[in-house]
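In the two complexes that follow, chain A is the common piece, with chain B as its partner first and chain C second.
For the complex of A and B:
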């Protein structure tokens, strides 16, 4: 906007060389969410005379279509160059009102959202006067910050159409093929000597009885034929630099006793590192006694038996007890989650056992059967085939011991049999072990992956952003996120493909410009900021024959952690500059009215 | 106290039937809908569970097995189509086999070939035995006891009854002992005091009088919103006619024997059809034939809980029916002119089959006649207890 466009009144308002801003302020009623506890009209009127405020309104719903249109009209008619909406949390509507600014050709970073709902009206429902006074202060602060706002533009990054897939289990393999399908090169690294992960070791699997080994073999054959998929086994991701869309990753290839380093330029990273099976403690439910095995051990045994007789340690198995929820749903302090796949996997294996030798008696000791969806049909089939299900209470785990007569005995209090304590003599006890997070400390360190309290990696949003992490361009897929089935893992892998395509296929990416910026004149290369940055966004560079700090805007998250550590005040956070924050604070505390004493 | 279960109980039990019971997931709809289940006898769910987890002793010593009259309502309402009614019948078969220590009942139920050989072999044995010792056939009158000497029949009957009594006493004794243990009934609680004697007497009257003869609960079963069958083929009536017919025939035989002992009338003396003892026998026989014929029709139609009959179930009915039919043929022959020669041979068959019927009492479905009253006695005690504890 040139000087000539500014109406006379605005041009006349210039003081001390600084142009007077033309700001629109909207205090939202939010139905009654705000106006019931804050005198919205009083706030509106208090803001009217604020320097730079040209429009002060109090709509019933600021986010409504009608009000948005009114704002756009105001911005255009009044030539506004700043917008403040006092309403809800920016989490809810910051994007809404930024878009309002954009549609009115106003720089979207000239918009400030003031939260007078969660942080005011909802917090002080019994103090109208106090809440109103607080709202006035908050809005004034917002206006002060807006007065000093600079026009900013999103950062644009050129993206590399190549994705690194970490982990060669079924999710990673399928993701690599999916990436190739959408025209993104895939580089797959696998820590183990062989591709395929857990599923490659399975025979028949639920829900369709297909052989896991055959499914993996099919994927590997497919990968062999794809020129745009490169796989590395005995390889690890050991370094990452650059920015989202244009990462440089360091791979370490373990080759014949020596390590080889390899650098690959990728646009995004898909982590599909899978899970480990829970390892029972010695003596936990009889683990360690001959004839007590875990679910993976049992599955291997069943898969290796074609038909006829099931044997263990050279002896025929005529009866089996399965103890469910081992290592899962342990309660506070343990693995509190449900491992989700094990009920169905066990039931499926028990049906396999029936196919091998239908005379084998099978007892399922469970807490709750969670064979969800169509897997319920397998549960029914296993009962029809003669499996008996016994339910124990959460606080009364079964016990496994050797019987005086030899053989194994499983003792439980069966809730379904009048809560009687029963001892079942069996030849084999299967501990239905769940999933635990895999040890990946190195990878977590390199990628700065967010690890949840349960040890699995965290996505941003479990429903709406199910494979993205807070690290831009780094996605997670499969059992490294949480326990799940093969189908669900593969679905997550393909979701990561779609998300990679969304990030990389445009050829460029836009980032928030609200990042830290070093003032090279002030910076003396003290280096405090270098170690503070959790994202490794700050590096030392040579500038004008001096060593100074430089922030990579594509890597910076705008957390502001580096700003206060600089002894020279050489770093500023765009959108939240020192000047802006200071002005906001000054405005808030320089109220003419007496400061209310806090309620003791 | 932990109970060591028999992991193979359900597989063993399924040799006796209940093919669908594995589908049961213990929901309890069967117990909820059962018109006969009450606080003193809960079934079928509980019993199915006992079988599934392998608690053999608890299952066979459950009076609930015999407080069920197999109306089949539970089967129609089972969401899993596990056929709980059929299970109850199967468990009773299993209990009969369990309390028969000779293994004959088990063979009759589970081994069709061996069982068939036993059934046919026994009939053939008796027929050949009586044929071997047969006497002259008179042509002037149907002198049946000249053909097969009355003394031989009498002696054979006595021997068989002693054998049957031995097996039955063992079975009934074991069941009574197990039921008593299971329900915590002690000798002193039965006979220890005047009140105890009163309780015992009431329970006995309940078991034998009200239930066995009176069929009280049998009449009540299926008393719900189900369409009721016409009276002439209602299950309790069919059973009552069979039972009373059987008892009537027993009475006629005993009276005939008694009159022989007292010298009023020698056995085998021709009498007119209206002669009281003959009349009792004829009426009772008709009732028995009516009941047994209906039982066979229902079993043939595979209705309600009789959908999976075992050969042994048929054996009992067939023996009863053939005994009844041949009895009436003999009666016809007695009044026929001239004396029919086939009458003698029908008599031989009648005696042979009747002997087999008696002999097989502890090994076939007939055994319910002794186990059900025993169980009902304990049910009566339980009802008495809970009525007085309120």
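For the complex of A and C:
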């Protein structure tokens, strides 16, 4: 369409003297996440003839660079003045597509994101017709909101260049140092009496044999050298108020039997609260029998034996059986995930054992070995050093018992050796226990952290936004997210630093301009709204020789709590105006399909 | 809209008003976990449930929805400490108007849904849908 065609086309669609909007609609396949459960082509076609819709497309990935460029080209070539993308949750890509609008010189608040993944395709995987019709209604409602949108500009607030780090394990410590290095003050709180977490208790660790205790000591020394880091042990985060960029957090310091409260103003929060080790039930794979220990107990034993003989309960250990995947990969109802670090941690510990006493016979009873990446070299080294690996089936766990002759016997069916049942006499059994989420109910309540079905905290996107949460300005890092290695935890901590810097280093943050607005023509100065706002954003002003209410946009938080209070319908929340809400409701329910009659 | 694997079965249309920061993430989580509920449930997010106009709730029923569900912030609201009371007042006002117009009060429900309340939300939707079925499609029947 040439530019010369536009006025005529727009004029043809005029409604009540207003030129019709020119809206582009994009319904994303999300590579099958949506299109496997929603007939995306049917949604696209249903939207083609909606009033104001000029472009209706169904890209495979709306968020891909290529599609974003296509959208920008469409906005420019078709002179679009509104954009609607039906894809995932707005929490994931609203910013992405607002930026698309901005790059095409389209007001970002003329963009509406419609959630047809989390709230449609993923929730209705067995109802293609229902999910498709639902999508059509949702997208129509989105188009209605965009059709009635006004151009707006974001509100700007000053941000506080200080970040609260919750958790003083290796991820939290490294994050605090990173924050200080980019010029953001760090306040670190640790619930335990000491900093360092799990890693502070480790000797040599994979992949390079570096001592965990020494690494933590090095970080603590680095922290001591930085004036911009404040640490509190025996301390907890117990309250949070304010908004992203300018939070007020309440810390409770447990001091000499009494609690001391402390308020700190921070711009962002990094949660790095770590994990707990799986605690086997009594009797689970022999747990409770003398000589059956967990991986952390074994690691402590090995680290405490630099050379000479390995002993347990005063007796020399000459043979060890490691049973892998304890507390991990349990199947439905249990811990279904792989704990990821424990294969390599065990293999590494077995190499340490070989260094202590090369005569110790070591048997690794596994389901699958996941020594991924360069950890494979440790696996090879362990086998070269004489470790024996035996594989048992998922549904045939080994049995551990005390032998009549004394010592322990581990019985398994080795699927790699003609599925024969073997009983291996050993002095020590190590249950290779995985990671479980740490109990953090209080913290979850204060920060409203999203907890997944596995009990770990959920990031917004595992690949694209790996440390952000749905709570603006609150990030998660390390094993509180999922089982991972030390290196991966530190990487997440530093990602949270980068994200905090992105939020806070500009010195200001842009807030939604979606605030309340009084229609002076409708307002009669009734005053119901004046006392309803806890932020005192509404005041009386003189306007056209009348007293009416007025909302201060910088003070208004955009909750809309004043909207239903007005008896004259004189207050609108921008982005959610009376007109927009009514139109969206009507569009959502309208359908071209015949509605089935109720069963009477 | 079938909303049900059985296309012959009447599936009430439900409009959920969610809140952007609290209940909408909980509803997202229900989908992320593939916790199924009827596809006749549609969601519209607003910043805070205390900002809903009673007239919108009525308008939804007038427009063809069989039920309206407010997934409110409850005690977790970041904006208003008395959000639960405010939203309750909005529901009461709407129900008073519904009574005048002969709309069954059971067509409007409210419950606090937190940002991780995935399972409760899916359960609420299944239960609300079942509760609406005996009322039928004619929303004016008391």
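FYI, the second predicted complex is superposed on the first by the 371 of 600 C-alpha atoms of A that agree within 3 Å, B and C clash if a C-alpha of one lies under 4 Å from a C-alpha of the other, contacts with A are read in each partner's own complex, and residues count from 1 in each chain.
FYI, a residue touches a chain if its C-beta (ideal position, glycine included) is under 8 Å from a C-beta of that chain, and two chains touch if they have at least 3 such contacts.
Remember, it's a predicted structure, so these values are computed and weren't measured experimentally.
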{"item": "First, second, both or neither for A:129, with chain B first and chain C second", "value": "second"}
{"item": "More chain A residues in contact - chain B or chain C", "value": "C"}
{"item": "Partner chain in contact with A:424 - chain B first, chain C second, else both or neither", "value": "first"}
{"item": "Partner chain in contact with A:514 - chain B first, chain C second, else both or neither", "value": "second"}
{"item": "A:359 touches, of chain B and chain C: first, second, both or neither?", "value": "first"}
{"item": "Intersection of the chain A residues that touch chain B with those that touch chain C", "value": "none"}
{"item": "Chain B residues within the chain A interface of the complex", "value": "1-5, 7-8, 10-11, 22-26, 46, 49-50, 52-55"}
{"item": "Touching residues (chain side chain C, partner chain A) in the complex", "value": "1-5, 7-11, 13, 15, 20-22, 24-25, 27-48, 50-56, 59-60, 63-65, 76-81, 83, 86, 90, 93, 114-116, 118, 122, 133, 136-138"}
{"item": "Residue ranges of chain A touching chain C (in the complex, touch as defined)", "value": "89-91, 115, 117-127, 129-131, 133-134, 137-138, 141, 243, 444, 448-451, 453, 458, 470-471, 514, 534, 557-564, 569, 573, 576, 578, 581-582, 584-586, 588-591, 593, 595-600"}
{"item": "Chain B-facing residues of chain A, complex", "value": "319, 359, 361, 363, 380, 383-390, 403, 409, 411, 414, 416-418, 420-426"}
